[in-house]
Structure formats: structure tokens, C-alpha cells
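In the two complexes below, chain A is the common chain; its partner is chain B in one and chain C in the other.
After this line comes the complex of A and B, so read on.
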């Protein structure tokens, strides 16, 4: 019979396991308590021979469920990668013998630990199914790119070059975006000596000639339904017509807006036309049509120009940008060189700066090129521009340490870039979670002044990509720049962080790859980062569901929609498999094939519970598999001891922890519970963004449970644990053992 | 013999640091066959040697764990460690790579149990700690090393230690007869991610790195701050082991300097700001700089560090360092350009914010490739199917390197997809 289950256990006796533990007893435990139909020992299970033995049993004996009792689930992963069965691993090496002293008086508790881990693994396996792809999506290779500037055009060209059809949607009547109106651009190739030709016309031509790219001008996204692999996107034109296209994944490249210089009255912006922004200067350079740049007020040829760096940026003043726009020093150098080129080498060009930020090889070369072109770089901070026939720029000369001023014909304000993002779906949450009045007021203002939607996602959690900071969209901005909270939708370019054109083009290429990857993996039912390739996905038991909507609200990825009756709709390819929905569900109806309330509950229940008079407490440790669990493994490698009463259960994310596990564990006699998740503040390290934070919030209510059971609050602890906490993680467990010793055993033992 | 199954639809990634790993994983997770060749015995590259990342002050091993898990789970990715590409012939869609693999003397039977290290006596400078500590002649480079497989130092081969290691290994993982081997295989596209190395501090003679014990580099300081590092995380003076009470950071050590590296190494300002948070608040910190290059939201971090009472910024390119012979303390000489004041400042420890240079010398590339004056690979069409990723293309921080590497993966995929289409 195809669906017949066959459970097989394998106990490794290598790496000292055979010497430290009674393998015969482990085998008995697996078959008698763990109900494995067979159990075999091997002296080196990870060897080619050991692996072959398991493979043969799968092939010849119809084994469907495999329990491996050997090393940590993080070790020998490649050897034990049996994709055709449900698999679990009892960690006897890092989890038991490496953290327990090899002495006679400890051998009994060490064996008990090992026996328990086998019981737990077997119990888990009993309620596991082999995950299989749902087939919810087929392969849809169409990539949607929103925004036709340099970033969007690059994404389109690169995706098309890989053989993927592209739909490129641009709001305005022409491709090119902000850069289209530039005279020249910052050079992107060695020797980085002079401003380079604007690449936009060539890119537009390339797109027009590419039959694989469909361009929609004067168009916006009216509606986006679905999920990666099966997005249905309604593209509306200005004229009122619309069409719907089926899309595999998308890149959002909606770009940036120039900072509003009207916020800078001190620099006389708006008071005289001879104070312009860097963005506006491009138009003057283009209008010069190869001749000298003229000043707007009277058309006089500019003989002297002053660039004020960081105008309205790197500043915490009201209405200013707190960040640095990445590119604006290079832009001023480029523009100063325009004057040297068009107005003559005797045109005075002064750049007033505090820190000149021109990083990398190209940046520094171009800075030197500016110096060689006799651009004056003056370390000074401008405070005021006085309008007049000749403008006067007042500034603090940082070298001479004095207040001074200079006269010039034209002032260019090096203003910053503002992200052209849609409304932040979590704007309301920011208001609710604000810790002080000032933050709250800011969050409230952001909520009220939310920009119009760009993607119009028909998602339960909002229409657009979440913001991270300063209006720029979501991204893990160190290790995983494309880690988006909306699977299959990748932001690229200055929408994500301020950046120069070359970086935007690199970024667009990366985002195009991620979109292609999302489309390909959606078709296979495979999860995106960080559980790449995971085929398991959540489902729920409808009859038990109370339509409370916690799962749809708490999913960190906005993956779950609601149907008309308020039941959750999971959207497999939007899901990242963290299990936060499972942890959120008060009625325990959500489960993955191989990870569920039941799989963990069975582990908790099947750990042997000595009675009150045995003086052998039990401590349940729920450890995040991404950081806390590897920290414990490393502790084992380092030979750090862990208390023998501890039983560690790895969880996908602390956000997946069901309060019922805690309640049930307490009810079944555990003396203490330690939960270990990742850091959850602004510098969060939770790989599922909000999982750890959700867990902390839920567990703040565990006090009620403890109260009702008349148990001491110290018995349940939740910690932020980093992967580097090699000493601390074991100590937290050992501290709990001490606490239990102090306050006594739980009265709830059977 | 190491076996590699590869075709013209295979992507070869050269270098397994954060960029190479990213490119390899992203391509493999898009369904492509990838062979990754890494010179070290483990993947992860230089970020594995970092204690924290700026600006979150989080731990690089956190991201490494995820990437290594992705690597372990992905059958499309074949990693070859202790290997170098010595020759690359052909053109886009049809390359033949020659790869030299150094003997590890430990085969895939190794379970990472560590029995060999227990019996080996010989110790060597630990290159993982930039030579600041010692490691055994049989070693796991670091606790999270992937592959989790020990290495025998070639220097113990032929000694009693090697024999002892072999006898201690219960799983027959030690093969003392292992030889260097050279293999050849095909690839359609190549991602060149050989990364960077710290500029040789000895070349900056006025700073006395080779003469003054208490002048160290930023990469060494990073190891020192790591609780798993050579000093157990204690910030102490190499000369006398005393805890430091004052630290000076010298920016642009080697960078932005016609005598050394022409380019700005981009990361050093942020790295020093980060390292300024390592010592306790009582420790005086001075940062000597030309420009603090905090890009985009890093500005917030700059302001945060600037607001710390124990951190002082001095706009100055330090002219020279001499040692106070009595105290062993370095004395910095120079002129503070804000106000033009001369100084002679004594500090317990000086950290040179050392520049990044490309790992591969301009003339050592095994394939014709466009390289700029600084030694970085140019994004030139004439490079054919060879694409730079990460710091082989410019001095980049981790985020930009990863972003760049993800893009490089697509460029390589474009080539192998063209091959696949033409081969039908």
C-alpha cells in the first residue's frame, strides 16, 4: 500500500557514543518506547556504508519514516539528506555526551538524557509526514518590473537576457526616470576621470528592440492579486483602459524623489532663482546646449559657483534628512566639472564640505580628477546664503576655524534622495508600538501623510512593501539585502536605500535574479530564504478554526489572506515556513507536515518524567534552530557542560512556539522552561523579522498560566540568545537548574 | 581523485567568501549546477574572522549559519576546499578550468570529533587569528567551519604527530598519503569572487607596525575583541598584556595614498566606528581621520558613536608613530588640520584601519581580464563569461558585496541559459 507507514530507527555508536552510552538500551528504547518497527546500530552511521544501509531499507523495506540517533542535526547533513522520507534526528553527540562529564557518577543521567532524546525523536517522527509540494503554482516565467528608470530598465534588460519575459510598467510617458534629464553621469568605468555619457538613450533603445520586454507607459498597477508563481496584476493606463497579466514574480523600482529644498530657507532657496538644487542644475546644464551654463535670474554666464554639501541631510533638524544620500558628493564633483568644461577652466567652483564621501576605487579616482580639474574643495559648513546680484555664502571655515563668507554667481544645494515608496503597511503598528510621545507623533504623521499605493497588493496586511527606515523599503541591510517581507517582490535601487547609478544597476541585476528565483521555486513549491528549499507549508483544520485572525495579522510576511468568512488563506509561495502562524493560533489548528503543535507536544510528553521524589527535575529548552541551537552545538564542541535535566527541542523560530507547549509542559511536570530566541529590537536578528518579538509578546502572558497553576514565575524564562553565546546559552539552562533546586520541584508530576 | 561532474551549463565560482558563497547559493537555488572552489579549508572567508558587523553590531556567524545550512541542503552546489584555479581557458559558454587541490590529509569520513587534535602536540601560529594565537597541527579552523572536517598542517606530515593523529582517528579519516592533485572540468560561466586581503601594514613605514608591539591592524583588533579569539575577548596590549585604557584608530592606513593604495577602502571608517564600541566606556578613544565616510543610514551610526563621551575625532593624517621606550606606548605625531595644531599624543594601543586590496595580484589572473589601476576587475564586456563578484570588483562592505554577488549570479545564469537554449 502506497500510504503505509514504516518507522525505522538507526543508532550510531561512533564518535564515542558506543563507549559512553548503552547502545543496546537505546535500541530497546527506540523500539519499545518509541515504537520504531525496526532499529539498527552502526559503528559509523554517516559512513558510505551506514548511509547505504538506510538507503537500502528505504528502497527495499519500504521505510517511510527515519529516526537517526547520532550527532546534531547540523552535522553530517549531506550524508543524512534522505529526501524521500520523513526524517528526524536525536542529538546524542553534541546534545548529550559532549556536554556531560565522562564519569561513573554521571553515567546514569547521561544515559537517561540519551534515552529521552530517542523517545522524543521517535514521538516527533510518529506525528510527522514527509513534506511534498502542494502544486499550488505552476511555472510562470513572466517578471513584472515596476518603474522605468535606470534601475527598472536594468532589471528588465537583465531578466530578459536570462530568457524571462518582462512586463515593464512606467507611470510617466517615457522610460528613463530621473536620470533621463541629466547632462552627464558619474563615470562607472576606469579611469573615472570625467563625467560619462548618459546611458539612458542607449538603454531605452535596447528595450525597444527587445521583443521579450513589453513596455506599458502612462501606466500604474491598479491591483495585484495572488502570490509568487501566480500573481494576477491589473495594469491600468492613464486613459482608463486596463489589462491583467499573469506574473511569476516582480521587481519594484519606483525610485526616488528629490528632497524638497523649500525646507531650506536659510540657503535662500525660493528667494532667488540663483540658488538651485543639484537635481535642478542638470536641467541648466542640458539647457546650456554645449555652451556655458547661465544663471536663471538674468541669463548671465556663471563665473563662480558654490556647492553646499549635505544641504538638508545628515541633519536631525526638523524637516531634514537624517541620512546621507550616498551619491551627492560625487554628484557635486561631476557638476563642478560641468562648469570647468562648459564655462571654462577659470570658472571658480568651490565645494563646501565637512566629510567628503567618495568611497571605493571609482569614488576616490573621481575625487582626484576633480582636484586635477582645479575644483576647490573647502572644508566648511555653510550656515546661510544671502541673496543679491552676487550671492554671499556664509560658512564656518573648519581649517582656519573662523566664520567667513564667499561671493558667487550661483549656489547649488547638494540635497538628498527621498524614497518613492508606497504606504508602509505597518504604519499603524509603529504608532501603537511607539515608546515615547515624540516617536508616536512622528509615526502618526507618517501614517496620516502616507503616499498613494504603488503595488496595490490585495494582501491582508497592506498594499505595499514594508518600510525599514526613513521611508526606504524593507531589506536586511547586511547579510541578505534581498530578504523581503513580501516573498517574490524585490525592491531595487534608491527605493531601498540611497545609492548611485552603478549601485542601482548592480542592485537591479540582483533583484532580477531574486525574482527569477522566486518564480522558479514557486513552481516547485520550494520556500525562499532563509528556509530555502523547504517543501513543508502550513495548513489548517477548518472545523477547529475560530476565525480569530491572529495568524493573518501576525504572519511577519503578510502571507496569509482571509476569505469572505474570515478563514485564513495560506498562499504557500508567499510563506517562509517560520511557523509564526502556528505559534499564534490559540486553538492549535495550524500545522506543517513535519512541524506542528503535535510534533513538539509529543516530544514534550514522551520525555520520561521521574516522580517528585526522584530528585531529577526536567527542564524544557525551546531553542531557535538558527542561532540558539548552533550556540549550544558550539558549546558542546568547546566542552561546556549542560545540566543533565535539560531536554532541548529546536524550533524553527521562537515565533512558532505555541503557548500550549508551555502550559502542557508545566502540567506534565516540567520544573522549568527556558526559551531562547533571537534579538528582537530595532537591530533585530530574528531571521523571520518579527517572530522573536511576537513570541516575547505572547509569552508575556504566561504569568497568568503560572498563576492559575500556582507555580513560581521563575520557572519560565525567555531570553535573547545570539549564535555567539557559547558560554552564556548553557549557563542560562544551568541557571534554571539552580533555580529549580532553590524553589523546589514542580508538584505536577504524575 | 576528486570527482567533479560539470558541463558547459555549470557555473564555476572562484572563492567561497561571503560574495562567492552568495553567488553560488543564489545560482544553485535557481536550479543551476554550481562548483565552488575555495582556497581555505572552509567557506565563509574573511567575514568568519569578524567579531561583529556594522551598524547593527550583530554577529557574522549568524548569517554564516544560514548560508552554510543552505549549502548543506543544496544538491546543486559542489564545494571544493583547499583548491585554487590555476588556469582558465576558453570563452563564454565553454571554459575549461584547471584546479589544483592541496592535500588536507583528512577525508570525508571525518566526523569532526576532534580526537586527532587531542593527541597532536605540535602547535603553529593560528592564521585564523592573524597569527596572534596558536593552533594544533591537527585542527578545525573555527567551530562553525564548513565542511566540519579537520585539517592536518602539512608541517606535521612525516612526524610522529601525524602518526598519532592517524592512530587516534577511529573512523579512518586520516590519509597521510594524500597528494596534491590537479583536476580539469568544464564551465559555461565563471564568477570571480576572490575577495580582498588587508594591505601589508609593514609597508606603511612611518607607522612602525613592524617595530612597535602596540601598533596593530584593524583585522587583528577584531580577533582580539572576539571572545573566541586569541585573548578571549580582552582588549590588551601585545607588549605587556595590560588592559588598554586608551586606543587610537588611524584611518586610511594605506588607503587614499599614492604611496600605497590609490583607492578609498570604503569600509574602514565604519569598521573603526564599530570597533570604537568594543572597549568599555571608560576607555579613551581617538579616531584620526581625513573624512568619515558614513554612507546612507550609516550616518545614524556615526552620530551615535560621535555622541559617545569617550570618543574623540581628530581630522588629521597621522605623520608618524614613535614608541615611548619606557611605557611601550605608541606616540602619534601630526597636525590637527582643524585649527592647525601640532600634537604628540600617547596611547596604549594604536589600531591601523588597514586598507583592502584585491587578493589576486594584477598579474596572477589565470585568465585574460580587464583590471583597473587599483587592481579591481572592471565590468568589461571583453571579460566574456567571467564576472566579478564582491571585493574583486571594488572595495565593498558586506551588504554591497552580497548585492553585487547576487547580480553576478544572474550574469552567469544568462550565459548558461544561452548554452542550454542552443544545446536544446
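After this line comes the complex of A and C, so read on.
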């Protein structure tokens, strides 16, 4: 009988558990309260022998559901990796004995804690199913690369070298992107002494010779349908023809645009052709054809040139870029050396800098090489360029502390990079959610000036990848720089932050490998990062659904489309299994096989609730499994005490927390609730990007619930906890215990 | 203004940095300064300098020839080597300061009555006489450099010190009469003369 469920509990007595706790009683709790059909003890469950015992039970006794009462679910994952059963873990080591003092007067509450965790784990297990791959998809190895610049070409070459066919789409008529027009590039190898040969021609040749890479020039993406493993991409050519290719995963490498220097009238840009941007200088250097660089106005050989660093960037002025493009100091050193090479060592080259930044392994060496070549570096801030036969650059010398000026034949403005992103799918949301008029006006302007779509995704949540800051495409910048909010689509290169060519190539290689991983995962029905390998998958009960669309709107990954009737349509391989949809659903119809409203509710209900006069409060802690739960584990390792009234329930993301858990917990007598999620909003650290923010928004309404129950608002707290908050996380729980002591026990204990 | 100075102005015109590279000992390092200011911050006498080293380097690049060469800043260096030890770029700053001082002296741009410059001249003259430094005479020359009356005052003020040094046989009063010389004095003079010719030649080649 394949469908028959058999529940088995296993209690470990190793790591001091046997000495601190009454294992016999734990076993009784598991079988009597937890209704495990069998329960065994082992002195070291994670040993080969212990693991074999469980394996044998699964194989011989038909055990389908396993409850392991031992260490934290984050420990010994390799040992307790039973793929054929539903599995849960009662955390008796990090959760109980390591956070409680080993004294006689504490032994009673310690045992109660352990018993509760066993009851909770058993109750959770009862409502779990074993997750299985849907098998809905086959392996599609095709990788699509959007953009044929250095980043895109690198991604294509790397993916092809790994054995994956690549479709490379380039909007213009030739591969190479911005770098194709460069005279030379910043050196990437020791001794970093002079500008290096442009690698683009060699890369183009390599791609042309690679039969595994199909190049589409003069082409754009007209439409992207589907999900990782089964994207249907319509590639349209300029001439009007189009074709549809089937794609496993994709890399977006749409690159960058130079900053519009027309915003810099103070530097006479546009007033005289002898003021050029760093981007335009490359063309002059190429046009020189090995001879001296000539100035555009009269073709005179340049004898003196001045580079103005940070022109229109790193600035709070209107129309300027607020950020620094990272590479422009290296670029100016490189270009100054063009003049030393082409116009002779007598050509005066001055770089006016305020903060010279030369990142990368060879940055400092290249700076020295520039100095050695007699490039003059002056710490000064330019204020004005006066046009004329000889240009005059007025600047403040920051070392000699004086206003001064210099004459030169040509001025080069070191302007920054602007991301070539598609339109932000959340631009409208930004307008709707703006809190003040200024923000709203800015958001409205951004919405109206949105660039044309690049990917044309047929997603309910918009056509392109979301933005992070300053128009750069989001890529979970802080924790997982390759990940985007659209599974299977990876942003690479200066699209997601300003970077130089070497960084872009490294980035492209990483993105190509992530794309390959996504295609492979999709074929196996496994989740991509951060729940890598997870087979569980959300499903919804159609009969209960009210078509409210909250799940489709709030899914951070755009995984859910809507059908004609407004019901959610899940795309398994786009889903990251965070459960934000589950937390959003007001009618609680969304669930995973092994994680649902019910599995957590059962844990909450099956914790023993002493009555009001026992003076034993209960505090429910809903801890995000990504940061807060490991922080608590580390605290336990460090021996930080946690209050004996706390019962910690790990959640996939705070975004998956259903308001009903809070309501039910308060109704069943919990005295306090502490929710711990990751940092949200700007500089977010939430592994699921928006989960923590969604939770905060939903819980802002929890006050009404508390009001209706006539409970104090202090009883429910939501915190941002980082994985490094080893001292703070336990303190937040202990603080709640103090609060409960102050305001008294909940009257809802029956 | 010396003839050499005029010649150098003519030769290098706007590019003082190149002039320093060519004529100043260790001058080729000036361009490698990255303006961090650690030298100025490390100099124990820094606050007494008109232009601390960082500024001197910047002025050289900005072509402020007069201001640098007629400054008394580089004469303030006591050769403690703090700046060299700390310079993240490894510039021989102490040596460059002495190089600038020597160059300024050669061009006749040293400020009047600059004490370090005066002492250096007295030391040199003293040394050239016998090939060895006659400490007694060196001390006396310093005492009397500002006139006889001031010299007597200085001598009286340090009377005790002089007596103690003689008692401890650190100073010999008889050195006042001639003093001892190196074994081959004429050979020493020839050697110095040759060295001077070579140095002069180096600069003259640029004319």
C-alpha cells in the first residue's frame, strides 16, 4: 500500500542530550502526545550506525515520515539526508540544552522545552507530505545571451565551453559593444605597465568560429514567454522577420550607456569640440591611426591635455550621477598614456582629481606606471572650462589651497556609466507607494521616462528585471550578486553596477554558470538559490480561491501569472519556494507539501500551554531560517542563554508568515510573539528580496487584531535580524519575556 | 640671480618638474608622489616649514619654481628619516629635500641668513681646510658668525659645557692652533675638485 503513512520518531542521546534530558520521557511524549507509531533512541544518531538504523526502518518497515529529535536542522544535514521521506527535526541541542543553564532548578523547564519541541515536530510531521518533483519539464540546455558586448560575448564563450548551446542576440550590426571602439584597454595582467591590446577582435573571432554559438545581429527580443527550462523567446530582426527559439535560461548583458555630457555646460561641452568625454576620446585615439592624436576643432596635434575626473558623477547636483562609476580614474590614466605613446613624452598630460581610485589587482601598479610615464596628477577640483584657441581650465588646487588655472589644447571629461536596463516593472508601484510629493514626482518622472523593454517578458509582474538603485538592474547586490528576481534570468556586467572590463568578464562567467545551473535545476524540478534543490512546490485549492490576486502581485519573483478568470497560474521553475504567496493568501489556500499554514499552525497548537497561575508564559518566535535561525544557533554554540518560555518555529521567510498564525497563537494563550526577518527595503538582506518587507507591511495591521482581542500591542514584535546578530537575537527574545512579566500573562489560556 | 639660474629658466621654461628630474639628486622620484600627506604629517618639524614636503612636491608639479627654490623649507630638514620610513610609495624624501637645498644653493637662490645654510657653509669651509672637521673651530665660527659681541655672549653662555668637554677629553684647546689634518691633504683637495668638476659638468651639459 503505497499511500499508507508510517510515522517514526528518533531521539538522540548524544552531545549531552542524554545527560541533560530524560530520554525516556521524550520517547513517551513522541509516542503518546506526538502519536509516532514508533520511537527509538540512539546514543549518536548522526553516526553511520544511527543513520543506518533510520535507513533500515525506511526500507524494511515502510516508514514514510521521520521525526528526528537531536540537533538543529542546520546541523548534520548530510547525515540526515533522507530523500524518500517527509522529514522534520526537533531542535533539542541548539534549541534547548545549549541555551539553558545546567542546574537543578532549571531542569524542569528544560525538560518542558524539549517535550514541547518534540510535540511540535510530531504535529508538524503529521501534516506534512513528502515533496516530489513534478517531472513537468525536460532538460533544455539552450542558453540565451542578450547583448553582444564584452560581457555577453564572455557569457556566450563560457557557456559554450561548458557544452551548452548559446543563442547570442545583439541589437546592433556587430559584436563588441562599447569596447569595440576602444583604442586600447586597461591592462589585466602583470606588470600592469601600459594599456593592453583590445581583446574584442579576438573574442569576435572565437565566437564566429564556435559552431555552438548562434549569433543574431540587428536583433531584439520581441517576446519572452514561459519559465526557466521552457522559455519561448521570439527574436526579431531589424528587417522584420522573427523566429522563436526554445531556451533553458538566459543572461542579460545589455551593458551601459555613456553619461550625457550635455548636462555639463560649465565644462564647455558642446560649446567647443575640443572638450570631449572619455568615451569620445577613444574614437579620436583610434582615428589617429598610430599617429599623434589631433584635436577636433582644427586638427592641431595635441601638445597638452587635461583630464577632469568625476565630471558629472559622484555629485549631488541636479542632472549629475550621484554614484561613482568606479573605473573612470583607471580609464583616464590609460588615456593619458595614449598621449604619452602617440603624441610623444613631451605632451603635457594632467589629471585633475579629487579622490583617485584605482580598484582591482593591478590598479595601483597602473597608477604608478602613469606617474612613471610623467602623467601629472594634480589634486584639484575643476570648476570651469573657458573655450578658446587654448582652453583654460579653472580649478581649485586642493594641496596648495588656491584658485588657479591651466591652459591646454584638449579637455577630456571623465564621465560615468549609466545602466542600460529595461523599464522597472515596479515603477508604477513606486508612484503608488510614494510617501511624499517629492518622491512621488520623482517616481512619476522615472515611470514616464522608462526605457524600452529589453526582454519583453510575458509575466504578470512586468516585462523586465526590477531595478535596485540609480537605474541599475537588481541582482541581490548584498548577498548573492548573481541572483535576480526573475528566476533563470541573470544580469551580468555594467548592467547591474558600474564595472570595468575585467570585472565584467568575471561577472559574465559567473552568470553563465548560474544560467546553466538554472536550466539543470528546472529540468529536475528543483528550486534555484537560496533553497537550492528544494522539490516542494506551492499549490492552491481552487475551490477556496477568491481571485484576490494578492499572491500574483506580491510574489517577489514573478512566478505566478493569472489565467483568464484571474486564478493564479504557477510556474514551477520560476518559483523560489519562499512562501510569500502563502503568507499573502487571506483565505489560506496556498500550501507546500512540507510547509503550509497547517504545518506551522499545528506546531503552535501542540505546544503545551500551562494555565495562567503556573507563571510559565509562552513566547512564540517565528524566525527566518536564513538569518535569524542561524543567528540563534550560533548564539547557542556560544552559550548565550535564551529564556525557557520561548518556542522557536523556523519559517522559510518572514514573508511566508500568515497573519492567522499570529491570531491563532494569541487566541490559544501565547503571551508574546517575536518575529525575526532579514533587513528589508533599501540595502535589503532578505534572501527572497521582498519577503521581509511584505511581512512588515502585513504585520503593521496586526494592531487591529490585538485591539479586537483587547491585548497590549507590545505582545507582538517584529524585528530585522542579521545572521551576525548572535548576541542581539537571544536578547530580543529575553526582552519579550521581560515585557510579559511587566504587562502580565495573557488572559487567553484555557 | 646667477648666470646658471638664468640658463636653467631659459632651458626648462614651463617644466620645472623636468628641471628637478634632471638636476636635483633623486629628483626623478618627485612625479611618483601620490599626495597622501604622510610625510608632512610625520615630520617632527613640519609645523615650522613654510611648505611641508607634500606641498613642495605639488608646487614642483605646478611649476612654482621661484617659490620652491627660494623657500627655506628644505633647509629645515633634520634628516630624521621619518618621512622615508613612512612614505607608502618609498620616495627618498629626505634625500630629495637635501637635493633641492643643494640645487637652490648652486643657483644662488638661498634665502639670506638662513641658519642651516649658513651652518652648512661654515661646516664645508672648515672641512676643506684640513680634510677633517675641526670641532673647536667649527663651534667658534658658529658663535661668532653674527659678529664679535654676539660671539663673546655665545661663548660665555656655553662656558661650562666647553670646560666639561675639555675635562672629559672631548675637545682639545690646542686644536685652535692649526689642528690636525688628513694624511694626504693635497690629494683630498684634488679629489674634491674633481668631484666638483663632474657635478658642474653634469649641469653645464644641459645648457
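Definition applied: the second predicted complex is superposed on the first by the 735 of 750 C-alpha atoms of A that agree within 3 Å, B and C clash if a C-alpha of one lies under 4 Å from a C-alpha of the other, contacts with A are read in each partner's own complex, and residues count from 1 in each chain.
Throughout what follows, a residue touches a chain if its C-beta (ideal position, glycine included) is under 8 Å from a C-beta of that chain, and two chains touch if they have at least 3 such contacts.
Treat the numbers as computed from the prediction; the structure is a model and nothing was measured.
**Q** Since both structures carry chain A, what do chain B and chain C do when superposed there: clash or fit?
**A** In the arrangement built by aligning on chain A, the partners chain C and chain B clash.
**Q** In the overlaid three-chain picture, which partner chain does A:743 touch, first (chain B) or second (chain C), both, or neither?
**A** A:743 contacts neither chain B nor chain C.
**Q** Between chain B (first) and chain C (second), which, if any, makes contact with A:399: first, second, both or neither?
**A** In the superposition, A:399 touches chain B and chain C alike.
**Q** Which holds for A:371: it touches chain B only (first), chain C only (second), both, or neither?
**A** So A:371 only meets chain C here.
**Q** Kindly classify A:326 by the partners it touches after superposition: chain B alone (first), chain C alone (second), both, or neither?
**A** After superposition on chain A, A:326 lies in contact with chain B alone.
**Q** Which residues of chain A are in contact with chain B in one complex and with chain C in the other?
**A** Shared contact residues on chain A (touching chain B in one complex, chain C in the other): 356, 368, 379, 399-400.
**Q** Can you check the complex and tell me which residues of chain A touch chain B?
**A** Contacts found on chain A: 14-16, 44, 46-47, 71, 74-78, 81, 158-159, 161-163, 188-191, 314, 316, 322-326, 355-365, 368, 379, 398-401, 469-470, 472, 477-482, 497-499, 503, 506-514, 516-517, 520-521, 529-530, 532-533, 626-627, 630, 634, 637-638, 678-679, 683, 685, 687, 722-724, 726-727.
**Q** Quick check on the complex: what are the chain B residues that touch chain A?
**A** 18, 25-26, 29-31, 53, 56-63, 65-67, 69-70, 72-75, 109, 111-114, 143-144, 148, 170-171, 227-228, 256, 262-264, 266, 291-300, 303, 315, 337-340, 372-374, 376, 378-380, 394-396, 398-400, 402-411, 413-414, 417-418, 421
**Q** Can you tell me which positions in chain C touch chain A when the two form their complex?
**A** Where chain C meets chain A, its residues are 15, 17, 31-32, 34-35, 54-55, 58-59, 61-62, 64, 89.
**Q** For chain A, which residues are in contact with chain C within the complex?
**A** 348, 356, 367-368, 371-372, 374, 376-379, 397, 399-400, 404
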